[in-house]
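Take this structure, written in structure tokens, and hold onto it; I'll ask about it next.
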Amino acid sequence: MAINWFKYSAPSTFYALAGKLIPWFAISAAMLFAVGLYIGFFVAPVDYQQGEFYRIIFIHVPASILSMFLYLVMAVYAALGLIFNTRLSAMMATAIAPTGALFAFISLWTGALWGKPMWGAWWVWDARLTSELILLFLYLGYMALHSSIDDPRRADRASALLAIVGSVNVPIIYFSVKWWNTLHQGSTIKFSGTSMHVAMQQAMFIMLAACWLYAIAIVLARVRSVILERERQTKWVAELPEVRA
Amino acid sequence: MTGLDIWMRENPLTYVWLGSYAFALLIFVVELVLVRHKRKLTLEQIRLLREAGEED
Amino acid sequence: MKELTLFGMLKLVVQRDMTLAMRRRADVLTTLIFFVMVVSLFPLGVGPEMEMLRKIAPGVLWVAALLASMLSLGRLFSADHQDGTLEQMMLTPQPLAVIVLGKIIAHWMVSGLPLVLIAPVLGIQFDMQMETLGILILGLLLGTPVLSMIGGIGAALTLGLRGGGVLLSLLVLPLCIPILIFGTAAVDAVATGLSPVSHLSLLGALLVLALTFAPWVAAQALRISME
Amino acid sequence: MLEVSNLACSRGDQRLFSGLSFELHPGQIMQVQGENGSGKTTLLRTLCGFVSADEGYVAWNGAQVASLGDAFHAEILYLGHLNAIKDDLSALENLKISAAFSGITLQDAAVKSALRRLGLKGRELLPCKVLSQGQRRRVALARLLVSDARLWILDEPLAALDVRAVALIQELIAEHLSGGGMAIFTTHQPLQIDGMTVRTLALS
């Protein structure tokens, strides 16, 4: 069956669709979080090198992966919005940014908590943490630019361009930071990869999926507000039950 | 070694729970509250706009 | 004569901006003085031990150059925006990217090049050796144009916004990190007896990359900002 | 020939105008009328391509402006609210450079005679920052003399001008039109062109 994508790219249709989808994503995210945490804390064995502390990775790694991936997704939406002038993609890009920044922040925070017992310091200039910090800066720059332009159309287009430039830069930054790190013989976060227990892997994947679903749910919820705000002049918004009440 | 270091080594699971998971959960909850709040504000604004428009 | 070649247009823009800069020499000097001051503050902050100063010198000079170029970037398009000249530039029969490139080159010549030229003096203050100093200068020579290019995109995006200067730094500084890393790493390599060629060639590659894409992206950004 | 078809523009949420269509043939002149905020400047800026229209298109000699790209810029001369004059440069330098941007290389003598016609004799080499508001506007208007663009897009060309200068501008526009040029402009002052009817376009 061919799906009419254009139909769903109209803000009004998408608004209704997102409203229906959010509970499903939210509920499955909550369930997966519960399962992942159960496996991570009760099934996965204690790491013989790092003790109980290694259990931080079940949130740290998914948060890192998600923060990087969300930036790319945001840049793709931004590019679509810029090239095809589709309103919805631009709105999606703005809705993704805060969630991506929060995941970057969680990744930094949990990385610091992991570093303290391992290296005796809250912050080490490890390649992953440093790139994550720069990624957070990129998110903050994107949001700062978007919020300082009053005209929403110009805001969308200008920040879209920034997101694209940023996403081209992300690999260069990552590579240069890695190089810099090995040059200075810095410490690197390693999770005794040789003996990663099956339960550890399961917990990690389930937590990753849970974070994904959570991110989708919250982004959809946020984009609904953005749609309402931008389309407040239109008739379909005026006819919504939540507006009439 | 400071007091925190000793406490951390004695209660690793509490440390992991409170420090990472409870904190991440807190962030998720804060984000959720903010998004709901934003939605409430937007809806209110639209209603106000409509009422102002109907009076004209 | 009707048709102006691309190169002719580039030359025209560079000449015009250089003339304007020379009429306002104070602006050029401010950037330079800022650079010298920031660099001179470091020994006061970290203490005058020569061993340490020699070690931090490349980083200090690079970061100061980065900050100084951020300061001057705000002026890249704003003056032309305020008096309407930018609109006229957008209406030339040549691609806007050429004009943007010309403006960036002129900007680098008045705010980047002077930093590179004065850097040896500051390096000597930090007791840098001749060979490390040479590599530092070479790195700055390759890297500061890239800073101007990336900065040009940021300047175009933040054109006419309130708090534009701070915002500009916020957008551009993270993107400049690779330049900083390769520039300082080249000096470190020489100091530890290794070859700096790989770092310098990476800087060169970034310069080529920036030259190819940055003017075009900045031109797009200007179009968005001018709406 | 300039052709505008079903054009719609908005600023923010606000629709300024829509369904705007008109044609402008060689030798014709059109005044855009409307209250403040009715979109006069936006219309002129859309014609220049600074602002992209929500709907509709602008065409030049049958080809859409969007597809002509930078080549279209050689056909138009735009004079906005701002004079596009550099305070640190002299009138002579300003005019030479702005002509060069539109692809015309001028000798000093030609520039001087253009400035002289606009009543700036003896002030050609002074930096523009010492000139009065009206004199600066005249430096900007001197571009009309040295340009070979077919379509003039003038936003408030008469602002800050005295009676003599207004008469001169009317003369210049009449010359331009009789040579097969076109002009579209906004103004708050009445503009009389000898032997020409000024068409009007009202924006509400």
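Assorted remarks:
Here the chain labels run A, B, C and D in written order, and each chain numbers its own residues starting at 1.
Quick note on the criterion: a residue touches a chain if its C-beta (ideal position, glycine included) is under 8 Å from a C-beta of that chain, and two chains touch if they have at least 3 such contacts.
If you're wondering where the values come from, they're calculated on a predicted model, not measured in any experiment.
Of all chains shown, the one whose average CA position lies nearest the global CA mean is C. Computed centre separation for the pair subunit A/subunit C is 32 angstrom, with centres defined by C-alpha atoms.
Spacing of subunit C relative to subunit D, judged by their CA centroids, is 36 angstrom.
Centre-to-centre spacing of subunit A and subunit D amounts to 49 Å, using the average Cα coordinate of each chain.
Our note on geometry: subunit B versus subunit D, Cα centroid distance of 55 Å, whole angstroms.
Counting partner chains per residue, subunit C has residues 227 touching two or more of them.
Shared interface positions of subunit B, defined as residues touching 2 or more other chains, are absent. The set of subunit A residues touching two or more other chains comprises 151, 232.
Pairwise chain contacts in this structure: A-B, A-C, A-D, C-D. Within the complex formed with subunit C, the residues of subunit D that make contact are 48, 50-52, 70-71, 73-74, 76, 78, 80-89, 93, 97-98, 100-105, 127. In the complex of the two chains, the subunit D residues touching subunit A come out as 11-13.
Only residues 1-4, 12, 16, 19-20, 23-24, 82-85, 87-96, 223, 226-227 of subunit C touch subunit D when the two sit together in their complex. Listing the residues of subunit A that touch subunit B in their complex gives 37, 41, 51-53, 55-56, 59-60, 63, 98-99, 102, 105-106, 109-110, 113-114, 116-117, 120, 214, 218, 221-222, 224-225, 228-229, 232, 237-238, 242-243. Interface of subunit C with subunit A (complex): residues 153, 157-158, 161-163, 167, 170-171, 173-175, 177-178, 181-182, 185, 188, 206, 213, 217, 220-221, 224-225, 227.
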